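There are two complexes below, and they share chain A, which is joined by chain B in the first and by chain C in the second.
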Partner chain A sequence: MVRRVKRTGWLLCMPGFVVLAVAFVWPMIILARMSLNETADTGAMVETFSLATYRKLAEDSFTWQMTADSLLLSATCATFALLLAYPMALLLFRSTSRFRHLLAIVAVAPLLVSGTARVIGWLAILGDRGMINNILRFVGLGVQPLINNWTGVRIGLTESVMPYAMLALLGGFGRLDRLLEEAAATLGAGPMRRFWRVTFPLTLPAVTAAWLLAFVLTVSAFITPHLMGGGRVFVLATEIFDAASVTLDWPAAAALSIYALVLLMLLLGAQATLLRKRRT
Partner chain B sequence: MRPTTALLTAGFLSLVPAAQAADTVRLMSYSDTFRDHYTETVLTPYAARGGARVEYVPVAGLGSAAMLGQLRTQKNDPQLDVIIMDATTAAIACAEGLVEPVDAQMLPVIKELDPQAVAAGGKCGPGVTFDHLVIVYDTKAVIPAPTSLKELWNAKWKGRIALGAPPNIQGLALTAILAHADTGDWTKADGAFKALAALAPSVQTFDPQPDSNTVVLNHTVDFSTNWNARGQLFHDTSNGQLGVMLPSEGTVFQINTINVVKNSHARAAALDFMAYALSAPAQKAFTERMFYGPTNLTAQIAPEAANRTAAAPQFKASVIPLDWNEMIKLRDSWNQRWRREVISAGGR
Partner chain C sequence: MAHLVLNQLSRAYAGRPAVVDLSLSVERGSLVALLGASGCGKTTTLRMVAGLETPDSGSILVDGRDVTKLPPHHRRMGVVFQSYALFPHMSAAANVAFGMEMHGVDRTRRAKRGAEMLALVGLAEHSNKKPRQMSGGQQQRVALARALAIEPDVLLLDEPLSALDAKLRDELRVEMRAIQRRVGATTLFVTHDQAEALAMADLVAVMDRGQIAQLGTPVDVFERPASPFVAAFVGRSARFRGKVAGGGVEISGASLRADNLPASGAIEVFVRPHRMQVLRPDEGRDNIVHGRLAAIDYTGEVAQLVIDSPSGRFPVDIATTDGAWRELAPGADLRVGWQAADTLWFAA
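Take a look at the complex of A and B:
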């Protein structure tokens, strides 16, 4: 009986596995194969089996600098997004207002607008002659460069991943038991102590999941660094795009993609191991 | 046949791509204004004189790069017959055997072409349009009208400049012009990189978005690198707000070549269309509409249009003879030098 249920379970999973194989595994195999080709001096792609592209990337200090910059940017933006999303998510979770659902929709409304349109909106708001700089100029602070640099990319990316962080937090707040907070209050704990000793530890799994989601989305984000970086921001995603679509160095684009994938898998693996160790 | 069987058969057939009619030529090239003007000035007259039906397949966004992508993915069963793309990308397509070699025996019109246009195509299709690097500027902010690249180094324009840095070929072209002005040899670029590093702090963006014309017209910057033809077109549509400067230091051609796709399903018709596209009437009509320089030396261009292209006799001397095939070999190292010496000096 158990064996039969198990077999049915596997059969039910088959459509999902097939979709995954066609949409993910097969393209990844093609990508891995492409990364073993080479690009000649003339720009033409040479079909071969060689690790030359990986070697070239590994020997270039720019690759390592770009990797460090990408990870730092993603960690920073994920942290900012979490700091901004956490209070809002907690407020929404606890709200008993009849507008609660409406507020939740408003909080994730940016997801209803295309990423490119949002970035173009930011360009207009943060530009040297945009709304923010007009206010700064009016109060005598002068023009502050808020786009075409790392600052602009940080602002844009934080805003773009914030709704995702909020959704992940809301989903994970299920473990937050109001009775435990009330018990802490009864025992004399003040609001801050209650938050740090009861509320925050209970929401930590949600915080970790939200941060990871924001981090992964930021590492792979391309539109914001491309449009708001002003050609000054070099991260893995923009480099892959340039290699694939501008310099037409497909082996380099494929090798960088594989490298980014392996890097992310290693980081996620390390994080999962750390969490498991903490629990035991 | 039972109705159900007939319905299923019809449904199945509708899923199978219709076989391409042998006399329909599928031409792939740039989208938006290029497509509109090329259709009106070249495709429509070609059809009127009894040529094959030409279906224009526009490629959005990434231009030549996306076209090469299509050629690579369709290598075993091409769905395109003719392709008009940037010479540097076409050279890759030629080296990879994605387009056909052509010569004057196959296409006698090649004998009428500018030698630079023929050389740009190598053993494959020749240049069909010339364009060149210019600086576009806001005519209301930049007075008097600039004539030299030196104006960009004026401290007055700090934060008001956009440069298309490599891998955008505008950045490579600008480097070559500065190198030529400095040493007389466009490949010796040490001085050019020093000059660009000094300019970097004045640059607001090394990647103008959404494009070079718009960033000037919406007052984000006052100067930007650009290609002449689109600059001239925006000059007209903006009622002169966008100015176009051909620098006194010279310029370099950007060349679009025309090629027949290898194993084209409509090869004969494709070659016939290619011959027409390179002929004097087609070249004249397109240049007078969109200010791409003609590559056919026998095309008699109206002076008012000719004077807005670098192919005009008075500007021809200012065109630096740059070999883009040589440039491709330098591209990687120049790209790195831009990042390490120029962009890093232009923090914001």
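Take a look at the complex of A and C:
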């Protein structure tokens, strides 16, 4: 039974609020403030209150190209990650094997390895002298550039968000019930129609949630595009990093960060509205 | 030729037999109840008929056609599951139309027959509701309408009423039986509730450890149980153990008369509690047992007495109509009697 929480219950949330305020809200305020500064032509930062940095970014066609590239990359990787994770998640969800938990751990094991280590692994697999290209050379297909370009970043990002997509799917499969498929079978539905008419629609909320999670993670991913793009792949996260620590243009880095944040929030908001519309 | 024939069906799980050599014939349009405790194999039997479980051996015939090897979606069995298994993302109408769509019924006929089916179960006004917006009883009716909509060869009901509260269960029991009669569906009905089985079925198959212990009409299995198991499982009984001697059954403290007794041997006697009476001093019966009243429970229509006698503790039900039960108090010494014809016995 639900017991009404006393009015003082919110006090329990205080530690969490304090951490959020100190570690998230305060830095965001500093970031927003920084984005209103200007950078002089000499590269020196000028303390002021203007939108000059934003204007400069907006007038630069590179910003828009990069935005489009970033979003397309994220959408592609999120979609591929989901296509790969969905059958695995479904298998795991339904499995009655006693190795089920072991399989689940194996499926999310990549999370236990640092992003940098994984990229080094990919170099060994995708590099010009890597495993795949050795095989391609052997069968006479020649060397394919699979790393230090967009292809490499797509492969790396897809792999890195797959475990998250898996977890999100597994968590969202709650409404799925084997009995519903049995019911569909007795009503004359073959395996394909059972999947598309019953199983898939019931997992759709999980699919949406998992796709969004993967999308957000890829938009904000930095290590993989940075290391696997070989300096030829420009996305929002790498640009922010470059501005902050290579060109030391802090106002630009801050403005780009705020821009990326607003962009994501708009996308999530639009998606939430769409979902709510469809449900009613 | 029977409409549905189960022929020596067997199924084991990990070496543990669930259904053993089970044979059963169901006539067209009749309702057969599989009655048994949980784990007796009744649900496994139903699932094998539906095609959701593969028998290890034996065969299933519908209209003489062997369907044993057919997957469920090629069988046309209308199944109502215990938890209904309604599609949560579809309205009541869509749930009912689903099976027809799978069987290639065109849209206009689907809509027409779907509306008819929902009207049949009394839910015409609720066709646009999702399952979660409906009560348990309404969901149960949608499940029945959905199963009937595909014009099934056989209707399979797996404890369809067990998730409902008692009053609604009784109402729906009558209603389901009426609908089943009206559409003439050959029906296999799984239940652990003997009242449900006796009230609804043309024939009751009492199941025990994967086999049919007795197949008979509701009156047969209750009045003329074929074995001590059936006598004990269907309805309550007073049980006495004794020996045949001098044309009667000798039990501790009494000699009982019964019809068609053998010449000798150990015997187990069953008497239904409602067949026994508490006797006044001047009353007589074929059989009389003395005992002390241990407890009395008033349940409305009857008062259930628990009586301790030299041959053990046994129940007696007395009607509450005349109010005589009020004069009985625990500790009282009573004479309990019944007629020889009401004495069921089995050689022990």
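Keep this in mind: the second predicted complex is superposed on the first by the 275 of 280 C-alpha atoms of A that agree within 3 Å, B and C clash if a C-alpha of one lies under 4 Å from a C-alpha of the other, contacts with A are read in each partner's own complex, and residues count from 1 in each chain.
The working rule: contacts are C-beta pairs under 8 Å (C-beta built on N, C-alpha and C of every residue); 3 or more make two chains touch, one makes a residue touch a chain.
Please read all numbers here as calculations on a predicted model, not as lab measurements.
After alignment on the shared chain A, the placement of chain B and chain C results in a side-by-side fit free of clashes. Once the two complexes are overlaid on the shared chain, A:Thr42 sits against chain B while remaining clear of chain C. Looking at the superposition, the partner that touches the larger set of chain A residues, chain B or chain C, turns out to be B.
Residue contacts after overlaying the shared chain place A:Leu123 against chain B, while chain C stays out of touching range.
In the superposed pair of complexes, A:Asp177 makes contact with chain C only, with no contact to chain B. In the superposition on chain A, A:Phe234 contacts chain B only, with no contact to chain C. Think of it this way: put the two complexes on top of each other by chain A, and the tightest Cα contact between chain B and chain C is 47 Å. In the three-chain superposition model, chain A touches chain B and chain C at no common residue.
Those residues of chain A that touch chain B in the complex are listed here as 40-45, 62, 120, 123, 127-129, 143, 145, 148-149, 226-227, 229-232, 234, 242, 245-248, 250. Those residues of chain C lying in contact with chain A across their complex are 50-52, 71-79, 81, 83, 85-89, 98-99, 102-103, 146-147, 150, 156.
In the complex of the two chains, the chain A residues touching chain C come out as 175, 177, 179-180, 182-190, 193, 197-198, 201-202. Listed in rising order, the residues of chain B touching chain A in the complex are 62, 65-66, 68-69, 72, 88-89, 91-92, 95-96, 159, 165, 167-168, 204-207, 209-210, 219-220, 325, 328-329, 331, 335-336, 339-340, 343, 346-348.
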